[in-house]
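There are two complexes below, and they share subunit A, which is joined by subunit B in the first and by subunit C in the second.
Coming up: the complex of A and B.
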């Protein structure tokens, strides 16, 4: 099957899923999402004002009509304006994407490289002191919550040692880095534990295969065995995990962005839920789902490129 | 290793940059602990938006910065309004020579002079239903012809140029307002942010983006706004001559808050307001001197105070504390439409007497609160220090009232649903505390976690049985608290207890037409007594905030209602250079 046909088929199959997501989002919002008209009318609301707001927001239309307009918005990628801040929803998303990616992408790359390096060394020395030490360290790192790292690092490195600004943001590319180093450090610390364990397992799985024994029997050096055989084959599960983590970079990190004053997209969905801001909830859910499906497709394509045994069907 | 080395170099250079930028910096670094939705006065509903908007926009009136209780004084008006004998017509002279901040919407980009027409336009904009203005309640039903114009506008029958009988510009600087009925508090309404003046040209030029492009007549103009991060304000070069007040309270003299008397406002050239929803970074930034004022997080309270006194190490750093009794009341609300709770007064009275209020103040507010005897906070007309509510903590009496109510030891009572305002641990712990207190007299409650929209929906659709809430004054008059029990305000209005009492209504209607007088005061006290007897709400406390500020920040006296306070603040650079290194 040609690559193009495969991609078109996958996108075609994704449409019913997207339809299902819009339907579930719509139902959930109307069941447990609060009443935006009450929220906008505020504490001094009156029935007349609530009715007028409901009419302005289109909430007085039938549920079917409201859902159809949601589907239209999804098709056109135009979710209008936020009910809470009156900004264009897509402007909010694009404005936050840069800061979110500035935070997530470097942290992700650093974490990936360090985790992979440690996992390689750990699997090379499997069962030995180094390997055990790594396992204990990883489990120890994983046993604290994200929030503990944020509070600890912010207190220790920013406040006590004064190495970094405690919080803040500079929109210029040259100025923003000073505010990002500490969040990167936290993000890397948090993700190294699970990263090393997963990559180590993938590498160990391969290193116990028969072809590795054959390669060693041929007299290949360990470096060659690892770089040409084990790592290449272990890449399949590793890449799958890595690519599937990428959509999370786009949806941002709520805690890090909130504690460090980074104006990313991390808090958009949470704030929208708190304000019953349905246009933003709709947009963020749909965009998140689309990215998830796209990266899923990308993962399949990359895997076929990496491993010739995998076929597109 | 190379990468690590480069990182270390970057870190070190950044550290030096950060430290240098703080020396000899007379910028004021303020803080708001929530994200700002927009900078449009008509949408300024929460304290955060109000604080941000009030630095840039102005209204006809505002409050004297130093005097307490709050004292209304002219801002864009020349003087207090002239009111006709029947209380229906307000004539207000507007200051001459007030200019909007420069903007491309004006000819040659120069801000034009403010006129009476700007207020008429701004108030029509507030009434325009398409804006869904949160602040519309301020004028709703009060000005002749305005509600009709609102309705006709939504039907396309009128436009912004159509006249309104109750709003007239007699000349360029004279505004005449005709009310539908006498409302002595009307001038107070004219100090609220939704009534602030905006320029039609700017609204029309910026369209839907107006909330991002504030252009007012106020002391500061918006230089930069990074949403969810910071707001940078600079002194408005077009600002008229307004002077720092030369009168205040005794405490202001003691704290040298009158040293700047007569100086031109704003005192600071630049203000940076950091947006910090999380308390830990706010507190750390303050403790390092990067913020000039802050809020003490509950968990950091012991780092600042030894009991109720300031710790010695904090005092040595020059950190000051502003004790601020809030114009608010926290309470447990009871839905009077509930078939059991609403119909059984003895049951509600027993519930009130089962709660040891002092424990809740000590546990949940670090002891920072004045036990509430009524909805009225100290300083409000009708508040009396010696007055005690009739159904205060008394467990034995509460048990005897349960017998009177027909439910000895709670027998025969269903489990009531107690709606938690949010899912925070604080909210849950407060619910558990009440659960324990009421269990002593046999009343069982089930804690229902909610997020805010869910809670709000239950409250306004009258589904909440029992709930915990606070009300902060919108304006400094007892009426703002007493309206909470007026039957015409039942949910979705502010009477979330859905309390209906004909006697109360009659007194409220009479009171709201009266100017401050002994007669009004007597009515207020009667209403308080009636509410305390009927117990639609169990009043808990009036919160006292202890706001820390740096020793180098001069004139800090923040208070709800005084939202434009940044113009009065300045940095004492000499003190800053001495105190900052100690942090």
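Coming up: the complex of A and C.
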């Protein structure tokens, strides 16, 4: 029962944060930016046209009224319609979620497993040639821009060699995978560097603890020491880190989806940024933040499940 | 006086004897020199010379990285773009470091209501997906180097603030700060003379991380059309141009920008790694004592 109570408490504490997020988003889009009505009406529009757009969008109301209606939208999860396509923002989001997840989740899992494997090997051989090689390779991988990976991989593997389609999408579950392999490869290549470095640190931190020496002293084999002792304990910091890597994945999805024509949330968002489609950008910002907070809560719950020493308060 | 500090201080001593650190410091100075000399007009003066008759010439002895669509020397443009990268990187990182140190020490030292407010502020900002936040800032401020570095600076201080805050909370309770307090040191003196020097290594390590991030984000913002003004040489713009040029076999714009960016980021990453080894006591671990 305490679990339920903990969740309710956490959600209660998330309310001020959510309030802050709506405030920051609102300030960014309404006070700092220019008048969106002019953006929509175009350069040669008459003043009457601009005025009618303003009243249509509710921009002629006071800032407080506009903010209240934005909070209302956030609470009801209904952000109205996109300015450019006139479609309901929530419909756009739900339609984009499937393709986005089929890009992000497998890529994330593959990269997590590969990074963890390399990190284990690297910390086992710490200070030796293999470890140093891995470190340098990771730093080198991290020194290229995400955009360079996308442009180069797309050119080499899709355009030059023709191994994968260059862009495109098949809405059916059986047909979409051929379009996803190349984006997965890029996503994994980009995230492997930072992943290995952080996991290696977490594993090394554990491998110098006293209980490891005890385990070795009682004659356990290295494989048992690593799998039963070190990995289990290192999982606690690693899980926290995994959640912290989420923002990086959102950036990646944004770029990958727009380059490969995947109709996901990220591609939507890039279009919205390029068209100054404020309702979509605002809605996605708030939804993204809510997801981030939910994952934070999830990671804390998983942590308590993994490590009984951590108490829910 | 200065050199004796350099020799006797253990972490600086470690750093000076680390070949990797020396190599990366050398590389970074090289980049600083490139930026400075090109800004002074000593090298790469032809970065804006347009000659339509030599559009997209492949690399040659005359033009090491070929020419772009307008016949401009790609090598010169890449060198000039070093200025943009360093300007954006250094200033946005300085802004972020100042903000992070300020809010972090404020929250960590005073605690209570101040702490609640700062934690609320950074949790809020941290909850918004980074790329959205920074593109929203860049979008609202408009194109241009100045706006770009403000947008990057205002969005990159969270991690440092969090670390500084928790260090301050730890140090505040320690004996040396309590002793200073007992001797009558005010809160300003405690913060600046006593605690800050002890947590400053965190800022130093974070500085290079934020710097690398700023240079990488500039590329992505250029792709989104939110980077520097068109015409200003920047690696992001060159990479963004390459997405249409590569199919025509024009690889040198991408090649030059990637080449220059790679060695700068790699050097900063390597320096960061050595800094961590030298400054952060937690990173000291015996490398030879396997078992």
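Assume the second predicted complex is superposed on the first by the 294 of 313 C-alpha atoms of A that agree within 3 Å, B and C clash if a C-alpha of one lies under 4 Å from a C-alpha of the other, contacts with A are read in each partner's own complex, and residues count from 1 in each chain.
In this section, a residue touches a chain if its C-beta (ideal position, glycine included) is under 8 Å from a C-beta of that chain, and two chains touch if they have at least 3 such contacts.
The shown structure was predicted, so the numbers you read here are calculated from the model rather than taken from an experiment.
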Task = Superpose on subunit A as described above, then tell me if subunit B and subunit C fit or clash.
result = clash
Query = Looking at the overlay, does A:281 come into contact with subunit B only (first), subunit C only (second), both, or neither?
reply = second
Query = Is A:151 contacted by the first partner subunit B, the second partner subunit C, both or neither?
reply = both
Message = After the superposition on A, what does A:228 contact: first (subunit B), second (subunit C), both or neither?
response = neither
Task = Quick one: classify A:273 as touching subunit B (first), subunit C (second), both or neither.
result = both
Query = Once the shared chain is lined up, is A:53 touching subunit B (first), subunit C (second), both, or neither of them?
reply = first
Task = Mind working out whether A:126 is in touch with subunit B, subunit C, both or neither, as first, second, both or neither?
result = second
Inquiry  = Taking the superposition on A as described, I'd like to know which of subunit B and subunit C A:143 touches: first, second, both or neither.
reply    = second
Query = Now for A:214: first (subunit B), second (subunit C), both, or neither, which partner does it touch?
reply = neither
Request  = Based on the superposed arrangement, let me know which partner A:24 touches: subunit B (first), subunit C (second), both, or neither?
outcome  = second
Request  = Considering only the stretches 76-84, 184-192 or 238-246 of subunit C, report the one that runs into subunit B.
outcome  = 238-246
Remark   = subunit A contact set shared between subunit B and subunit C covers 32-33, 151, 155, 159, 259, 273-274, 276
Query = Once bound in the complex, which stretches of subunit A touch subunit B?
reply = 32-36, 38-47, 49-50, 52-53, 56-57, 81, 84-88, 95, 151, 154-155, 158-159, 162-169, 171, 177-178, 181, 257-263, 267, 271, 273-276
Ask   = In their complex, what parts of subunit B are in touch with subunit A?
value = 7, 10-11, 14-15, 17-19, 35, 37-38, 40, 43, 45, 129-130, 132, 134-137, 140, 154, 208, 211-212, 226-230, 274-278, 280-281, 284-285, 287-288, 290, 451-454, 456-457, 460-461, 471, 474, 492-494
Residue ranges of subunit A touching subunit C (in the complex, touch as defined) = 16-17, 20-21, 23-25, 28-29, 32-33, 126-127, 135, 139-140, 142-148, 151-152, 155, 159, 204, 208, 213, 216, 247, 250-251, 254-255, 259, 269-270, 273-274, 276, 281, 284-285, 288-289, 292-293
Note = The answer for subunit C against subunit A in the complex is residues 120-121, 123-125, 127-133, 135-137, 139-141, 216, 219-220, 223-226, 235-236, 239-240, 242-243, 246-247, 254, 258, 261-263, 265-266, 269-270, 273, 285, 287-288, 290-291
